[in-house]
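Both complexes shown next keep subunit A, but they swap its partner, so subunit B is in the first and subunit C is in the second.
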Partner chain A sequence: MLNDFLQFDFLQNALLSGIIIGIVCPIIGVFLVIRRSSLIADTLSHVTFAGVATGLFLQKQFSFFQVISPVSIGTAFSLVGGLVIDRCKKIFRSYEELALPIILAVSIGYSVVLISLADGFNANVYNYLFGSLTAVSDKDLKWIFAIALIVLFIILLLFKELFFLSFDEEAASSSGIRVKFVNIVFTILVALVISISLNIVGILLISSLITLPAACALQLSNSFKQMFLYSILISLVAIFSGLFLSYYFDIATGGTIVLVLSTILLIILLMKQAVKKLISIERMKVIK
Partner chain B sequence: MNACIKLNSVSFKYDHSIVLENISLSLHKGEFLGLIGPNGSGKSTLIKLILGMQKPMEGEIELFDHPIKQFKEWPKIGYVSQKANTFNGGFPATVFEVVSTGLYGKMGIFKWLGKYEKEKIMEAIHLVGLSGYEKRNIGKLSGGQQQRVFIARAIVSEPELLILDEPTVGVDGKSESEFYQTLQKLQRELHVSILLVSHDIGAITAHVDLVACLNRKLFFYGKPMEFELNQTQIMSELYGQNIHVLKHNHGGIHYVK
Partner chain C sequence: MLEFIYEFRYAFAISLIVGIICPFVGTFIVVRRLSVIGEVLSNMSLSGVALGSLLGSIIPFSFVPTLQIYGTFFAIIGALLVEWLRKRFPSFSEISIPILLAFGMGLSVVLFSAMNGFNVNIQAYLFGNLLAVNKTDLITTLVIGCVVLIIFLLLYKEFFAVTFDAEYSRLIGIPRRLIQFLLIIIIALTISVTVRSIGSMLVSGLMVLPVATSLLISRGFKSLLLFSMLFSVTAIFIGLFFSYLFNLATGGTIILISALLFLSVLLIKKWGFQTSIANSKSY
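Up next, the complex of A and B:
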């Protein structure tokens, strides 16, 4: 099976883009999870879908739009969506999390209406929703690589500010950190990561790839640095095994990766429980 | 003498209710000011005004002899917020990582911690008596130790002014006494000016150079000795009802209606 991955271009593309996504998704995910903002990933992925649906609709109606990839329209939607979320949060103030389900619902409603206007569901839409092993072309791979590099570079530059904001936004603000600027840049990064991940895992499953490795790492980490290392490691293991399993058993790639991640999380939680139980048994023995 | 904080007839309103009215006070270099007052008396709002998080409706605020609008040297001010105690205990950060955030404002954007910064962080951790705890997860420390981590974070940038907003809420008596010792050590060794907001009138008057009593207006501003001489009258005015002062053998003070 390994030979197939070395032999076929589409499998190599899937593997390489998997490695790239397996690094950037958990990095973004760590910040989202510890800021208790995991739902932003879900919301922006649906906003991206609204953009993709717009692209597909325009392609069907006007031949001119054949040259524009629906993913790039999805990315544009996601970028604007990120800024709209930021604005809506201010409108709802103390209930700022309301902004997310509202924008998510509007995006789904809009996408469904557009798909129905374009005369129903087709294979393209299915690939965007659930991801596909064969969906990554050479051109896509270059795009994914370039965007991932930009995202990693910006995260590296703003790492300490993002960490401070995640830990204590009020103190960060009072120490002169430009909170608004860093928050907007971060939302844009989330939008970009979603746009490059949708080919492989699909819009409906991107948020799992962003949040699940961070959720696993949170169970194991003592420090912030550890959380990054563990989440990247877990994400890469899940992507490799997910890609191989999906190819071998001919099943959906995104779904397989997410199921592997969920299994890893379950194992970690069970092991933690077992360790806790063992420690309490040892303590009881000492007391007796 | 240079004033770190100077408030001149400052007033502030939330919607239509007056929260602060005509407040004037100053804190000079090396002084320790205790700000006391009941719940909702405007203490935290006053801190927000001093930190530039809110703007006064009337009056002027000066920080280090500069009008607050023109003040840019925020790293000169270390701040421990009321919320510091209620941080997310499950946050995966070590003592070192948390204390390092205190340097981020001073370092500016697009810069990383170097050898010099790392040494400063270790010094601050040592100064609050937490050497050896650098790699410990902050969520696994006691309330008093966590409090000291936040003080280390506030002093790591070597501020000239330290502002603490009700930092001993939820901290046990022993930790509270250690906390005041740490503050006095900072004042003595680093000549830091301190503004401490607290409910704990007894503890405050025992440690500070100046006392300010606030309940929308400033009811008292002066030396702790003057405060103690007139405290029944001041406290009655402050709380708006007759208050009797009871002193315990161990130095604690209770106020009864």
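Up next, the complex of A and C:
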């Protein structure tokens, strides 16, 4: 079992990129969750799908586009999408949350139409949607590594600003932080992270890798730093066990990772509840 | 044209029913600010459908009930889970939505891949195929659509009161929790019946987009309901026609048409508004 992972190149690539993604995604996730905008990841990943579908369609129609990978067009879409979403929210003054399902639906609808115009649904499209163990090539791995490094570097560079913004946007802006600029940079980071996680977990499941570890860590940690540590730890555990399980049972990789993450969250929540009950029982005894 | 309508008479009948109940339910969802819940419930109902078809492929003789029942059941579980998770994250209650979105999608993907990989099945359930519906689908849709409409007509006042003024409704003695639970069951039923024709990824779009469009122009609750039904039925019919004509994915075309309707109403409104301001300034 473990031998396979050491022996086959594609499994090694999957494992290595899994480690990288398992570190970058939860870091972005912690910021997103604290800022209460965890749904942005969902939206951007759907917009990325629209871009990927455009790429596939263009490849089919014009031989010129064979050079450009659909993923890069997807990234471009989510970069633009991230900047547009804020404007969309302003359309419905009293129903801000409406913008989100609309963007989700429109981008999926658009992609489905384009895909039906191109080749229809083949294995390739499903790999983009749900991820695949075999989808990471050597070249992809290098890209993933490079982009992850850039993202981490920028986060370290802007850590104080991001930290401040996440907890108190007004105070941050009044203390001279360029809120708009930092927000735009952060959205770009989210788009980049989505584009590198796309191969393994798939477009429909990326957001879970971003939000679920952060949600688990939120239950356990007492400080911001602890939250980072726990969420990275949990996501790595989930990615490893998800990769192994999906290879062993021959089931979808991304889905398995998500199910492992949800199980971890469920266990944490149930244990917390049990502990609370125990404490209250103890208290009752003391009172009696 | 007539031949086209005859060939796809089931599709047209279904789209008429779906086009009426989806915005009907959608209006209540949007007004209660639950528009993202539609996404969660549709993902959960997808995993119910996946479980149903997995059981169907394991158990040889088919005493397994229709997939819609699994879908409805899972969607209701999803709604209950949203509430449960909200309480677990007291200061970050909105995180329950992405968690369950992910869980529903992950579960359905794993279940579908457990049955000999992704086949035509999952595509039909993700993105729907309105042009391929048959008589059984029509009957299921008709029955569930009638149930939904009857519940709504019987309890219209209660739903209305709970939606707009929770306190008042409690004062006059409406069982609030029961009504809310009923609303969730209705949403779940609507989603699971629509999944077959529009696809689970696009259902919530059909519930939200027409309502959003009519939210731009309507002035009361009743006109909101009427306009959104009008928009959705129009979008579905045009989408059906276009998707047949140009051989496009039906669900996607319908959503794109309703998005176009939304956009044009938005632009007309904006343009009209600006000119009226310009006029008033000139006076």
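Methods note: the second predicted complex is superposed on the first by the 274 of 288 C-alpha atoms of A that agree within 3 Å, B and C clash if a C-alpha of one lies under 4 Å from a C-alpha of the other, contacts with A are read in each partner's own complex, and residues count from 1 in each chain.
The definition used in the following text is that contacts are C-beta pairs under 8 Å (C-beta built on N, C-alpha and C of every residue); 3 or more make two chains touch, one makes a residue touch a chain.
Small disclaimer: the values here were computed from a predicted structure and weren't measured.
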In the superposed arrangement, which partner chain does A:K160 touch: subunit B (first), subunit C (second), both, or neither?
first
Which superposed partner A:I177 touches (first subunit B, second subunit C, both, neither):
first
With both complexes superposed on chain A, which partner does A:I73 reach: first (subunit B), second (subunit C), both or neither?
neither
In the overlay, answer first, second, both or neither for which of subunit B and subunit C A:M227 touches.
first
First, second, both or neither for A:L218, with subunit B first and subunit C second
both
Go through the superposed model and pick first if A:D168 touches only subunit B, second if only subunit C, both, or neither.
first
Please name the chain, subunit B or subunit C, that touches the greater number of residues in subunit A.
C
Touched partner set for A:A50, first subunit B, second subunit C, both or neither:
neither
Considering each complex separately, which residues of subunit A are in contact with subunit B in the first and with subunit C in the second?
218
The residues of subunit A that touch subunit C in their complex are 33, 36, 38-39, 41-42, 91-92, 95, 97-98, 100-102, 104-106, 108-113, 115-117, 121, 123, 126, 130, 202, 204-205, 207-208, 211-212, 215, 218-219, 249-252, 254-259, 261-262, 265, 269, 272
Can you check the complex and tell me which residues of subunit C touch subunit A?
30, 33, 35-36, 38-39, 88-89, 92, 94-95, 97-99, 101-103, 105-110, 112-114, 118, 123, 127, 199, 201-202, 204-206, 208-209, 212, 215, 247-249, 251-256, 259, 262, 266
In the complex with subunit B, residue positions of subunit A that touch it:
34, 157-161, 163-164, 166-168, 170-178, 217-218, 221-227
Subunit B to subunit A touching residues, read off their complex
51-53, 74-75, 77, 79, 81, 83-84, 87-88, 90-94, 97-98, 100-102, 104-107, 109-113, 135, 137, 153, 157
